[in-house]
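Both of the next two complexes hold chain A, though its partner changes from chain B to chain C.
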Partner chain A sequence: MMKIDNKITSGQLMAIIVNTIIGVGILSLPRDLVEALKTDGWILVLISGLLAIGSVTLITILVMKYPGKTVTEFGRNLITTPISDFCSILFLIYLLIFSAFVVRIFGEIVKMYLLRNTPIEFIIITMLITVAYIARAGIEAIGKFCVLVLPIVVIPIFFMGFVLLPELDFSNLLPVFKFKITDLLKGIPSTVFSFAGFEVILLFNAFVERPKKTLKYNLIGMVLIIFVYLFVFLISVMVFGVIETTHLIWPSMSLMEVIQFPGAFLENVQGVVMAQWVVLVFSTLAPLIYGSALIFDKLFRGNEHKYYVFPLMPIIFVLALVPDNIATAYDYIGKSTNILGTFVILVLPLLLLVVSLFKKNNKKGAVKNG
Partner chain B sequence: MIISTNINRNLEIIKKELVDCDDIVYRPIKVGQKQNFNMAFIYVDGLIDKELISEFGLEPLLLDARENKPNPQNIKDNLLELVEKGNIAVSEVKELKTIEEALENLLIGETLLLIDGYNKILMLSSRGWPMRGITEPQIETVVRGPRDGFNETVKVNATLVRRRIRDTKLKAKYIKIGTRSKTDVVVMYMEDIVNKKLIDEVMKRLKGITVDAIIGSGQIQHAIAGNSYSPFPEAQYTERPDVVAAALYEGRIGILVDNTPFSLIVPATITTLLQSAEDYYGSWYISSLVRIVRFFAIFLCLLFPALYIAMTSYHPGMLPTQLAIYVAATRDTVPFPAFIEAFIMEGTIELLRESGSRLAGPIGTTIGIVGGLVIGQAAVEAGIVSPLMVIIVAVTTIASFAIPNYGLASGFRVLRFGMMAFAAFSGLYGIMLGLLLLATHLVQLNSFGIPYLSPLTNIGNNLRDLKDTLIRFPLQTMKKRPYFTQTIDETRMPGARNQGKKGDNSKDKKK
Partner chain C sequence: MDKKVRLCILLIMFLVTSTLPGCWDKVEINERAFITAVGIDVYQPSKDEEKVKGELGMEAKDKYTITYVFPNIEAVGKGGQGQPRFIVASVGMTPYETTRGLRTRLHQVLFFQHMKVLVIGEDVAKDSTMLKEMLDSVERNNEINRKVNVLVAKGKAEDILNVQSQFEPDIGLYISSISEASEGSARFNPLPLGELLKSLHGNKRTLMPRVVPGKNDLKVAGSAVIKNYQLIGWLGELENRGAMFLKNKVKADTVVVIDYDNKVVIPYVITESETKQTGTIEDGKIKLKYDIKMEGDLSQYKMDTSEDVMDDKFLRGVEKQVEEAVKMQLDNTVKKIQKEFKVDVIDAGEYFSKYKPHIWNTVKDDWENIFPDIEIEVTVDSKIRRIGLIK
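Up next is the complex of A and B:
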């Protein structure tokens, strides 16, 4: 009856996007911003956010033209099967590398804050198995799950600012507007990629039940993320100051260590924060891994993504363990997103959109001629 | 089997069919001034109202028919009609055309009247068996609210609901389930409120039940569940007619089952299972408070022992220093790891609960006190468990009783052990993985196509259902029926809508 078979609503898609984007990117974001523009990092967030919104609009306009179809399917009509499949494979590789990076950073953080003596391999494997369960369940489950955890992901971040109020030093934000345009331009690529994740719209819009409001919801989601990022940056800088922030690996995590509840039950809130962190990463990984399985499935023109989830796990596991340490992990992901990410976020949608406009004109022309 | 015109043949067939059923009573009689018409009553001893049959069935046929002069013409030809329309003073009389039909009615508690020379059997409605009166519900007691509860007779139960809904749109469909038990099941719904697809789905699933006997509503609940492996109930049970009536007004469906006071309400979501009848009778402040307490109870019931294990074995640093020292000091004498300790105590409590529920009322309470107090005290003194563990186990058990729906509470009660295992496995991280697996299961779960976690799993119109979730808003703010049931008629307070219109009009006038 009202059971929506493999369908999601626009609101659920928005939740998926927000949860996918707010992942490990938020951890190092304040440091990246401070390194690029010092106290003016928030300008970078705004500009990159606007660029990301532009890209989201572009992608949404594109996918709205082909309701019920993923990029792997409609791409074939637009840019011939071999080229489209090649692009899909690139997309797949990108998603796999992204997932591997997320799960690696996740493992490192859990090991650092929660389970010091546990091998990271154990943490990664258990997490991947748990994600596999929901990835197998499909888009409907992921959509509902993301809405369910959206408050758990977003509210504590704002709550954190409230708790940290006594620690805030507003003078840390000064001086304002003292940056070089060249620094701003240099900083943009890496910051835009902290918004990476919205490209899943290319795949998931196919399942939206009534896609009318999709664009509106997607933009609301992006604005929400800009707010979260801005907030985290401002809080980090206000608490730590510019110089200290540059020296921290994960400034956002370090914020948690500053929090102290007077007279509270918990000595430090790390436990609570780690609990939230596990949920956050889970909701990032689920769409990514489901998305990869989906591309795999559509490449073989199948109709059941389930069988491709588990075979992907060893690949992600191995990829996650390739970097020797956190620094190299960041290095690798930086390099791969620069190439693959640009391709998936910008080149592919733009190419498809241009071709689709072209084809549509042709069709119209044909009708007129006929 | 077709009924023959010969009464003796019919009797033979029925007797053969019911051989060795000594509770069947056959009462052959001869009617008429000359006593030349053969008739026979058949009924099940104990299932019928004997007074009714002898006073209004036997008496007119035996005595009145003899005293009154019969109409001389065509008595023999019109005998059936004369008896049916003229003699029997029972409120409901029906002609039956097959033996099978007759037997079925006989076993329900109707009386059969066989008349010689006719290939039809008369059924006299005479159901009347010993039944419990309408008493206060045993499990769902409320401080303020109606005191009548369902009993074991489905007709009475349906009446109790009907009394609360004096609307022609209240429909009650009777169906029989069980190839042997032929249990009466009444499906009640409001025709112009309930979603058509929902009622179709429920009827489809009910008719799809293939089982020989239905003993209680629990069987039906499991038979119509979409996911039979889930630990959570997909239907809400209740023994309160006011709860069923309120649910019908919300566009849900009541399934009343004969022979049990527990009726089912579908669809059920986790929010509806956490609601109690009383929430709507008290002020919204207190209702919201108890709602929050219930949500907290779920948290405690599921996670409290697991958190203890995680905190003591993996993350003692997360506790305040003084508490951590205290816990370490009390656990000093305990020879087991926290996991074993928790399992011992949780196991003991489950044992106590089980034995307590087996015993008769007063003894059960005694066992509870003796077991709980004595064992807890002795275990602590013997140094097998820490006092903190005893407190945790007690709180957990109390919390599990704060969840209004027993089925839901048992689900969490079972999963608690799983969570303890996860916590022993890898501390807080393990608990989170367990919760994520649980959440994944819950988001997949549907009750008749309605998401089990609604309204928490979508962004849109459904958010108005949040008014009746963790906090129960004042009833005046709930002008529409819940969204999750997808009702046809959404407006609960038509008056409120008119007021809004008036407001609009006045604005227009001002303009």
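Up next is the complex of A and C:
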């Protein structure tokens, strides 16, 4: 039996999932939606959300069959060690690229809004070192941290809607239901990947103390994210309108430039929003980096992920700095999630689930036969 | 031994935390120039000035003159001395470069996050390339808030910023306060940067508030008509009010009607106004109907006249006159916008695209040419709710 010191609750797992998913995708999400479906982008959120929920259900059903084991471990039983290890390596690469992208966008935004003269390398290194600290501490610390951060992230997003009420123009959402089905279908892949991040369930479910409730909590988390995404989309479109939203790189960030408190006791809320957002990125990166260290560890059949956290840092750092500019950064992540993301989110869990069903039946059959 | 190690670690921590931290982006508050207003003009070289050859070998001609206003922090406080504000101007090929160029002449760092007002000179607004360049530069800059009020100067923006107001020494605060108090008047249309960018990106056209310099003060009234990113004309105060009526943005204003029978001037104060649009298409001709419903007070008549103001019939008569007066103004405005400027600054296109998409889809590609010929009908319904304290 493997010894596990770290335990989290289902609620903590939910917080981890929500924080991992929201991350940096939320910044450009309204633009992607508007580019795909104009005023009807919210339909795309709902449809992609439902697809993501389907995938989460699939993954959760799979991992519930193997409590206490990560995908790297139980995969070996199902699809033989070499294939499973190859899949785990792909998963690892995906997580590394994902974290590199998150940290790069984080650096770009901090440089843009706060620290104009600070080299981006420095911003990234400091962030990575801080994340490494919590990633070394293990799943329990991350779980607790995410639970702490969740309200700090979610409540201000909804609060923003109230502050912006005078700026909202509801007629910007008109006309409704004037889209082509082909546009809808074309928009789905990119939006589904804005829900990417829940695949960490494959790894973290192993640490859940009483996994019975996991499915329920995971689904609650996904619904919460759908609400957050819907809300941010609606607010952006109501404030900026369709055409202006397509012109902004990060519409959700630009919203804060519009916020003005009555009486002008706070003229610019930039500082407050940035502080909150840095914490959010931190809680996005922590599970991703911990997850990659965990895969590494399990690949070597180890029992201690700590040793693998720091060696991963230079890889992420270099990967983060590979794109020359922000346009290529988005280009690269788009391409890699399309291939690796589809594999990790859909192909791998589906494959494992099918094989596991097959194997179980086989066993039963064997028993009957015997 | 253990204690010594611990002491060593403590010492190292102390040394590290006290010597290593730093900030690349540190700018002390007294080294910042808090810009409150910026004015952009076309650079006009003096006659004997030669064109300068740039480093690229191309002819680098200065295009912009930009004026910056920032308060003298030392003079603002109690017992402060010196002039209350500084005005500096600089020239350059692009707005951003101009701002950077100022760094060679100014000991402070320009800081735009508290900017209140952006005044665009008439000449810049008349040049579509310059207006586009300038607005792109402003939108790209993350320091500039989307709440900044944008106005077009009648004449030069520089003259507006140089006005020595007796009410408020800081010209940026002065203009933005006027804009915020606009609820009392529909004579101009306050326009935050975000709104401006929104309508220009979408439609290439908009109405921008006009600011006219005076001797010791300035006046924000009327608006500049922008078509294809270019200023093509002005709307006067009352015409602007008409446009505001059509855009359903009137919150309060005063309409003056004359009672010819008794030779009395009656000011009617609008307290509430709502405009409803209905668009239809008949035999391929687009019809747009505006229903304006307003409520208001009668705020003056004339002492000791034979008329009884507190009389339903009399009030109905005044209402009718108000309706006629407003309708006449609106018809004039519509005519001017449709026939003279031929540009949809009253956002009729927006209305069709939002509420009548099936009509919009047939006309959206050629809206510029269709708009001048659509039929616009205005009906006005006014109610007098209060007449003050006396009969």
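One rule holds in what follows: the second predicted complex is superposed on the first by the 364 of 370 C-alpha atoms of A that agree within 3 Å, B and C clash if a C-alpha of one lies under 4 Å from a C-alpha of the other, contacts with A are read in each partner's own complex, and residues count from 1 in each chain.
What we mean here is this: contacts are C-beta pairs under 8 Å (C-beta built on N, C-alpha and C of every residue); 3 or more make two chains touch, one makes a residue touch a chain.
This structure is a prediction, so every number in the text was calculated from the model and none was measured.
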First, second, both or neither for A:241, with chain B first and chain C second: second
First (chain B), second (chain C), both or neither touched by A:162: neither
Touched partner set for A:170, first chain B, second chain C, both or neither: neither
Which superposed partner A:141 touches (first chain B, second chain C, both, neither): first
Chain B versus chain C as contact partner of A:112, first or second or both or neither: second
First, second, both or neither for A:254, with chain B first and chain C second: second
Larger contact residue set on chain A - chain B or chain C: B
Where chain A meets both chain C and chain B, residue numbers: 114-115, 118, 122, 267-268, 270
Touching residues (chain side chain A, partner chain C) in the complex: 112-119, 122, 171-172, 174-175, 178, 239-244, 247, 254, 257-258, 260, 267-268, 270
Chain A residues within the chain B interface of the complex: 1-3, 9-12, 14-15, 110, 114-115, 118, 122-123, 126-127, 130, 133-134, 137, 140-141, 143-145, 147-149, 217, 264-268, 270-271, 274-275, 278-279, 282
In the complex, chain B residues that touch chain A: 195, 197-198, 200-201, 314-315, 317-321, 323-324, 426-429, 431-433, 436-437, 439-440, 443-444, 446, 448-451, 453, 456-460, 486
Sites on chain C touched by chain A in the complex: 23-25, 113-114, 139, 142, 145-147, 194, 197-198, 201-202, 353-355, 357
